[in-house]
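The following blocks contain the structures, represented as structure tokens.
Two complexes are shown next, each including chain A; its partner changes from chain B in the first to chain C in the second.
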Partner chain A sequence: MSDLLTIKDLTYKKNQKTILKDVDLTLTSGKIVALLGENGAGKTTLMRIIAGVAKNYKGQIDLAGATKEAERKTKLSFTDGLTGFSDSTKIVQIVRFYSTIFQDFDENEFDELRKFMKLDPDMKLSQLSRGMREKLIIALTFARKADLYLLDEPFGGIDAMARKKIINSIILWKDEKSTILISDHFVNEISSLLDEVVIVKNHTVLEHKSADDIRQNNKSIEEYYESFYADEDDE
Partner chain B sequence: MTSFNTLFNRMFQEKSKSVYLIYLIQAFATLCFTIMMTVSAGGHSQEVVVGNERESINPIVEFLFMFAVMMFMTSFIAAFVYWIVSSVKNERINRSQTWRLIPISDTKFLLSNFGTAFFTYIWLGILEIATVIVASLPLLLSSKEIKIALQRSNFDFSAQDWGQLLGGLFLIILLGYAWYAVVSLINLSSRSIMDFLPSGSSKVLVFFVRLVTVIVIIWLLAYAGTTLFSVIGRFTPFDFGTGDSGVGTTLLAFLAFDVIVTLIDILLLNKFVEAKQN
Partner chain C sequence: MEFKDNIPIYLQIEQYLYRQIALGKMKAGEKIPSVRKLALELTVNVNTVQRALQEMNTQGILYTKRGEGNFVTEDTELLSKTKQSLINNELDEFVQNMEKLGVKQDELVSTLTDYLEHSEDHNEDHNE
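So, the complex of A and B:
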């Protein structure tokens, strides 16, 4: 498998506070990778930097040969909170926006995902519950044909049953060659999907391991993740 | 990559919603004013006066003409409201993650944002002019005296008049653009500076620093603008010994001002100002 994403010496500060420091990370094509870390570890920031919406960082980012932010944005699909739309916007209007703006947006694919998520296209954003809004975001994200999908805590408000269904289907929605980087607190539920795990701690990527290696050591992904915080719990 | 045209059309659609809302409110307010005026002027004879001639007119035609006059008068308030609303919308778009995720360069993004705000203003102007013309037409077509007065009027523009008219038009465009570019400069530069303040700073301190930043930027802009205008005025390429270099020099100075402020805006957007986190 070829390298899809290469991050070198990435450092990001905001308000005189170091959020990420000396981050090096390489992801290959066709993988599902978990980005794990406690709240405030810098997972969202890392995704925003890759997506080109967080600025003033140092270091190099290369996504399938694209180093400029505008070029990177054509190759990735990021779970956006849809804050650019007013609450009175209907789902069908958001879809029109996506299909006009993103050349890789597939309306038929979205329609299938929308039906799967049981979303009515005439519903307004204000009528959606948190879980429904997140389902819409997931559907919009996967309706694009991207090399890299960045899913930032996508299942927070979705009920357990629907979450399970979505997680089991994710593998069907992505192309064989595309990669998913997913940050989530439901480690156990997504663990069956994962090919690799990236741990973010102390402002950097502390560990990057294949899921099979973790399992071979008779550890679950969750146990492996929790082991990084075991010392802190003892204190 | 998303093309400039696609983004421009999309932003135009988004911003024209504000135009329609402002236009509807303006039309409704104008209608209310016109009804109030008609009621308060009840009993008076309806007639149009052109020179020494008097001609009686139909009450409906008079009502429509009053509506047209009120529409024209309220257009200044509507324009003011539009400039404020569109500036806020521009800055929201500059900071919106939804918009900033669009695969397009920051230069094109910013130019599209400013350009659509200005062109939607033109759209508002077209709607207002069309309304004024349509509402005035019954009077213009039915009154003999007005028809004669119009036929008598002689619009004979010289080349110099046309030059000044075109110059004025360009100046309005450059001034309109300068407004958006300056508002963005104030917003983007103060946001960039705020991101360098230590985290956990009190809200009072943040507000104070922002206020000082805004004042300093406005002062710097005024100083830079004055210097630029005096330099261009001294070395103007439009002085052909006729002493009539005013419009050309002003246009050149505003063009230079717009270009410089836009370049700073692009730099700030590209390097420092990030999209608001969801």
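So, the complex of A and C:
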């Protein structure tokens, strides 16, 4: 298994406030990895930096040989909150946009995903429930052919059925070589899927461990994650 | 499928498949479901299923036909050994649980015989 993503000495400040510091992280190809941490720990920022959306960071990021932001963007697919589209935009219009912007966007693949998620292409964004919107975001993200998929909190505020659909789409659509990084502040629902866990706390990557190692130490992934926050509950 | 927290998932998938074979749900010489189908059924990573199947190939309980998938061995001796080890696991657990309840090993046979002789009564009790 080869290294896919290497982050070294990453520091990021915004308005003189430190969001991330001294981040080192290496991900190999073909894995499903959870990025865990409390709200505000810096998970989304880390994803935005990897994705080349957040700039002016210090440190090195290498994604399959690509170090420049523009190059990295062609090798990864990042969930977009679809905030750039107005409420009256139809799914078909968003698909057209994606297919113009991203050379690796496969419309047939999207159609398969759309059918799997049971989404009507003529629906407008304003007509989508929270769960449907999240399913659309996942379908758009997986319809690109990338080495790295960044899913930023795909399970936030959606019902159990939508969650199940999204989890199944991960199992079905992930190819052997690509790696999926999923951020969440709650691990239970995806713990059986995971190869590795990355913990973000105190503005940095605190731990990076394989799921098997955690279980072999007689802990569930959830217990392992919660152990990083145990001290705070006691205060 | 519900996984136990503290055992690597691939080991639990192995145990699950061994059980399916012992129960006759997957028969000697039969093709088992594809890796992706098993992954979906168990809500696990494809890698994890592959790892479990690889180990079972090494142990000889499964064999791979190139391009066709994984099949259950036709080696009847190995199959009955597999079944016996599952039975032993169950018995281990039973003996340990009974010991915790204060039933000593030399009392096990009489306790079990007594239970089985009256098992119909127990069942009726449950039905009422």
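Definition applied: the second predicted complex is superposed on the first by the 231 of 235 C-alpha atoms of A that agree within 3 Å, B and C clash if a C-alpha of one lies under 4 Å from a C-alpha of the other, contacts with A are read in each partner's own complex, and residues count from 1 in each chain.
Convention: contacts are C-beta pairs under 8 Å (C-beta built on N, C-alpha and C of every residue); 3 or more make two chains touch, one makes a residue touch a chain.
Computed from a predicted structure; not experimentally measured.
Three-chain overlay on chain A, with chain B and chain C fitting side by side and no clash. Once the two complexes are laid over each other on the shared chain, residue contacts for A:Leu193 go to chain C alone; chain B is not touched.
In the superposition on chain A, no contact is made by A:Phe105 with either chain B or chain C.
Contacts of A:Gln16 after superposition on the shared chain: chain B is touched, whereas chain C is not.
Once the two complexes are laid over each other on the shared chain, residue contacts for A:Tyr225 go to neither chain B nor chain C.
Of the two partners chain B and chain C, more residues of chain A are touched by B. By the touch criterion defined above, A:Ile32 lies against chain C but remains apart from chain B after alignment on the C-alpha atoms of chain A.
Contacts of A:Phe155 after superposition on the shared chain: neither chain B nor chain C is touched. In the superposition on chain A, contact of A:Ile167 is made with chain C only, not with chain B. Of the two partner chains placed by superposition, A:Phe142 touches none, neither chain B nor chain C.
Between chain B and chain C the least C-alpha distance in the superposed model amounts to 28 Å. Under the contact criterion defined above, no residue of chain A touches both chain B in one complex and chain C in the other.
In the complex of the two chains, the chain C residues touching chain A come out as 3, 5-10, 36, 39-40, 42-48. In the complex of the two chains, the chain A residues touching chain C come out as 30-32, 167-168, 171-172, 174, 176, 192-195, 211-212, 215-216, 218-223.
Considering their complex, residues 14-17, 44, 48, 51-56, 68-71, 73-74, 78, 80-85, 97, 100-103 of chain A touch chain B.
Residues of chain B that touch chain A in their complex: 1-2, 6-7, 9-10, 93, 96-106, 195-201, 270-278.
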